[in-house]
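The letters A, B, C and D name the chains in turn, as written, and every chain counts its residues from 1.
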Amino acid sequence: MTFKEKVFHTIQPDENSKTKKNRWFEYFITTLITLNIFAVFFESFEHFYGAHTTLFNIIEIFSVLVFTIEYLLRLWTSDMLYPKHGKFKSAIKFMVSFYGLVDLLSILPFYIPFLMKVDLRVVRSMRLLRLLRILKLQRYSTSFKMVISVFREAKSDIAVTLFITFLLLIIASTIMYHLENQIQPNNFSNIGQSFWWAIATLTTVGYGDIYPVTGWGKFISGIIALLGIGVVALPTGIISSKFIEKIREKEKSKKDKGKKGAYKYCPHCGKKLID
Amino acid sequence: MTFKEKVFHTIQPDENSKTKKNRWFEYFITTLITLNIFAVFFESFEHFYGAHTTLFNIIEIFSVLVFTIEYLLRLWTSDMLYPKHGKFKSAIKFMVSFYGLVDLLSILPFYIPFLMKVDLRVVRSMRLLRLLRILKLQRYSTSFKMVISVFREAKSDIAVTLFITFLLLIIASTIMYHLENQIQPNNFSNIGQSFWWAIATLTTVGYGDIYPVTGWGKFISGIIALLGIGVVALPTGIISSKFIEKIREKEKSKKDKGKKGAYKYCPHCGKKLID
Amino acid sequence: MTFKEKVFHTIQPDENSKTKKNRWFEYFITTLITLNIFAVFFESFEHFYGAHTTLFNIIEIFSVLVFTIEYLLRLWTSDMLYPKHGKFKSAIKFMVSFYGLVDLLSILPFYIPFLMKVDLRVVRSMRLLRLLRILKLQRYSTSFKMVISVFREAKSDIAVTLFITFLLLIIASTIMYHLENQIQPNNFSNIGQSFWWAIATLTTVGYGDIYPVTGWGKFISGIIALLGIGVVALPTGIISSKFIEKIREKEKSKKDKGKKGAYKYCPHCGKKLID
Amino acid sequence: MTFKEKVFHTIQPDENSKTKKNRWFEYFITTLITLNIFAVFFESFEHFYGAHTTLFNIIEIFSVLVFTIEYLLRLWTSDMLYPKHGKFKSAIKFMVSFYGLVDLLSILPFYIPFLMKVDLRVVRSMRLLRLLRILKLQRYSTSFKMVISVFREAKSDIAVTLFITFLLLIIASTIMYHLENQIQPNNFSNIGQSFWWAIATLTTVGYGDIYPVTGWGKFISGIIALLGIGVVALPTGIISSKFIEKIREKEKSKKDKGKKGAYKYCPHCGKKLID
C-alpha cells in the first residue's frame, strides 16, 4: 500500500470495516468541530471574547490549518474516490461536490482578507460561513445522516405540503392586511408584515408583537387559527413521522441481525406467515 | 375537429391524456396567477407601489384581459361541458357553478367602476376579490385538489369536532368573562373579547394581549388549558391524519402501477395472503 | 296508552325508534338551548343589553318556564324511568341523578330571589349556572355523548398522566420560584405564580406575562420546556387519539351495516383471513 | 422471623405479595411526602408562612425525623437487600445507590447548620433539596415507575433527537444573532440570548420577550419556525408515543390475564393466525 493509499483509507474509511486509524481521525475531526461550535458560541459574549481573544485566535488558526490540510489531502486523493475519471477531472468533481463545497467554504473566509482588499463588514458576515463546519459532521455522525435521508425521502411530501402551507399563509395574510391595515398602519403596514403575523399564528408561536385588534380581524383570525393550524402542522407531522419510522427501522434491523429468517413461511403454499 | 372543439379541448383537457397544447395553456395560466399573487403582495408596500404603479397597472389589465377571454371561451364552450343541456341552459349552469363564480368574481371588480358609480372604499375592498384568482389554480394543481378532497371526506368528522370545540370555547369564555370582567373591564369587556382569549389559549397561540390576572382566573384557565387543548386540537389532528393518509395512498398507487398483482393469493383457498 | 305514558315517551324516547313527536320535542329543546347560549353571549355586551333588556327578559322567562315544565314532567314520570322503585323513591333518584341536578340547577337561580333575600352579587354569580343548560344538550346530541364516553373510557389513563403532569408542574415551578424570586419578586412572588408560569410554558401557550430573566432561569426553563412539553402533552394526546378512534369506529360500524360478513374465513381451518 | 427481618419486609415489600403492613407503611410515607409537597408550595406565600411558621416547622421536623428513621432502618437492613455482600460493603452499596442518595440528600440540608457554620444563603438554596422527597414516591407509585422506564427505554432515541435538536438550535441561534445583534443589541446581545429565543420559538412557547424585528430576521426565522418545529417536536413525540404504548400494554396485559391463549393457531401448519 502506497502512502497515498494509506492517506486515502484514513480520511475516507470503508463504512463496514473501520480501522483504528479511521476512528482516531474521526474522533479528532469531530472534537475539533465541537470545539469550533463552542468557540462561535462564546465569541458572541463580548466581555469573554475581549478577555480571551488570543485563545479564540489560536483555535481559529489551528482549525483552519487542520481543515486546509484535510481539504488538500482530499483533493490530492480525489482520483481514488472517483477511479473512473482522470486526475484533473476527479479533482474538479470533488471541488463541486456537496462535501467539497462545504469543506472549501468553511475555510475560505479566513484567507479572503489576505488575498484581496475587502470591506470589514463583508469579512464579518463571511465569518458566518464558519457555521458550515457543523455540516462536516455529516461525514461521521449517523444521526446527521438520518436527518438528511429523512428530508430526501420526504422531499415530495414536504414540497406538496409546503406549497399548500404557502398558499394558506398568503391568503391569511392578504385578508388580515386588508382588515387591520387601517387601524394598525404600523403593525400591518404591508402584506410582508402580515405574513410574519400569519407564520407566528399558524405555527402557534404567537410572540404577541403583532395581532389583530379589530372585531372582524379577531373573528377571521380565530377561524384561520382553528382550521389553518392543522394544515400548517403538516410538514411538521410528516417530518416527525418519518423520523420515528427511521428510528424504528434501525432498531428493528439491529434486533433482526443474527436471526436466521425474520419471517416464517407456510409449508403448504410457501408464503410468508404472520409470526 | 371544429375550431370550437379545439378551443374546448385546450381549456378543458381530458385528465388522462393531456396534449402539449393543454400543458402550454396550463403553464401560461398558472404563471399568470402566480404573477398576480406576487402583485397583490408587493402592491401592499406603499413606496414600492408608488414607484411602479404603471407596472402594476399593466399586470392587472393584462391579467383581467386574459381571464376575461378565458371566461368568455368557457362560457361559449359550456354546451360541450354539459352536452345534455341546451346552449342557454348550459351557459347558466356554468355561470352558477363553483368554477364559474370564481372566474367571474375574480375579474368583476375591475369592471364595476366603469359600469356604475361606486364609493371608492367599496372599490378598495372589492379588490380583495382578486385573491379568488388563487382558487383558479385548483383546476390545474393536484395538491390543491387534494386539499379540497381532504376537507370533503373529513366533512362530518370536522363538523362534529368543530361543534364540540365551539361548545368548549363558549363555556371557557363565559366562565372567564365572569371571573375577570370586574378586574379587567377593558380586556374582558364582553364574552366576544373573552372568546378571543379562549381561541388564543386553546390553540396555544397565546399572543399575550389578553390573559387572566386574578387568582381564580389563572386557576380555572390553567385547568381549561390542560384539558381543553386536546379537544381543540382535534379538528387539527383529523385534517392532518387525513392528509398523511392521502399522501401515502398516492405514493402507494404510484408504486403498485406496473406490478402485475400487488397481492399474492393462497393456492388452497384463493384468498389474499400477506406478502 | 295513558296520557302519562304519552308524555313519558315524548320526553324520554327509545333511542332506536324515535317517533315524529320525539324529534319535534328534541328540535324544540335544542333550539331553545341554542337561543340561550346566544343570549348569554350577547348579554355580556353592555350597550346591546341596555338596548334590548326586555327581549333578554322575555327569552329568560320563557326558557325558565319551558325548562320548569320539562323538569316537573320528568319528575312526574320518574316512576316510569325507574320502574323497580316506588313513586317517591324514583322521584328522589331522578332529582339526585346527573341529569336531574343539571335540570334543576339551570333553573333554580331564577327562582332564588323570589324565595329568599339574597345579596345582588350572589344573584349575579348564580346566573353563571345558566351555562349548565348547555349540558342539557347531552340528552340529544350524539357528539356530546361521544365526548362524555371518551372521558369515561380514558379515565384511568388521564388520571395517571395528570398525576405525572402535576408532579412535573410542581417540580418545575418550585425550581423556577427559587431561581427567579430574588430578581422578579412581583412576577415570581410565590409558587402559585410560578405554577401559572409552568402551565403557560408546558402547554406552549406562553402569554409572555411572566417568564425567566436570569441566566440560570432561562437555562433551566429551556431544558424543562424541551423535555416537559412531551409529558404535559400526554393527556392531550390520549384524549385526541381516543376521539379519533371513536369516530373511526362509528364510521366503520356504519359501513359494516348491510354487509353479510365483514371478514372472510379460510375453508381449510375456518379462521379469519385478511381480505 | 427475627425483628430485623420483620422490619426489612415492611419497608422493602415483595412486589407481588404485599401484606397489610406494607400497605400501611406505603400509605404513611406517601401521605407524608404529599404533605411535604404542599408545605413547600405554601411556604412560598410569605404572609401565609409568617402566620403559620410554627406549623411549618413542626411538619418539617416530623418529616425529617421519620425520613431519618427510615434511612437508618434501610441502612441497617441493607445486608438483606444485597445478601451476597458483607455488612459494611452492602451499607456502602446502599448509600451510593440512586435511592440511597435521594433518601440522604432529602434530609441532609436539615442537619447541615447543626454540623457546621454555613452561609444563610447556602442554607436557603439547600432547602431546594427537600424537593428530592418527591422522588421517594418512586418506590411506591406505579405511574412514577412508568415514567422512569419510558425514559430508560427511549434513552437512545432521545439521545439522537436531542443531539439533532441541539444542532438545529445552535444553527438557528447563531444565524439570528448575526442578523439581529446590530438592531437589538440588548435582546440579541450574545448567542446565549439568541439560544433562548430559539428554544422559545421552536417549542412554540413564544413568550414575546425577544423576537426578530429586521426584515431578514423575520424571513429567516419564519423558515426556521416552519421546518424546525417538526424536528424539535421529536423528543416530545417519542416520549409521548412510548407512554401511550406503555399504557396500552398495561391495559392489554390486564385483559389477557385469564384467557388461555391470546392467539389461535392454524391446524395445518401450527402457526399463529389473525383472529
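Note that a residue touches a chain if its C-beta (ideal position, glycine included) is under 8 Å from a C-beta of that chain, and two chains touch if they have at least 3 such contacts.
Computed from a prediction, not measured in an experiment: that's the story for all the values here.
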From subunit A, the most remote chain by mean C-alpha position: C
Self-contact between copies subunit C and subunit D, residue sets same or different by half: different
Intercentroid distance (Cα basis), subunit C paired with subunit B, Å: 32
Contacts with 2+ other chains: residues of subunit B: 192, 204-208, 237-238, 266, 268, 273-274
Subunit A partner contacts - residues on subunit D that touch it in the complex: 157, 160-161, 163-164, 167, 170-171, 174-175, 177-178, 181, 189-192, 194, 201, 204-208, 211, 213, 215, 218, 222, 225-227, 229-231, 233-234, 237-238, 241, 266, 268-269, 271-274
Parts of subunit B lying in touch with subunit A, wherever the complex brings them together: 37, 40-41, 44-46, 125, 128, 131, 134, 137, 141, 143-144, 146-147, 162, 165, 192, 195-196, 199-200, 203-209, 232, 235-240, 243-244, 247, 264, 266-268, 273-275
In the complex with subunit C, residue positions of subunit A that touch it: 204, 206-208
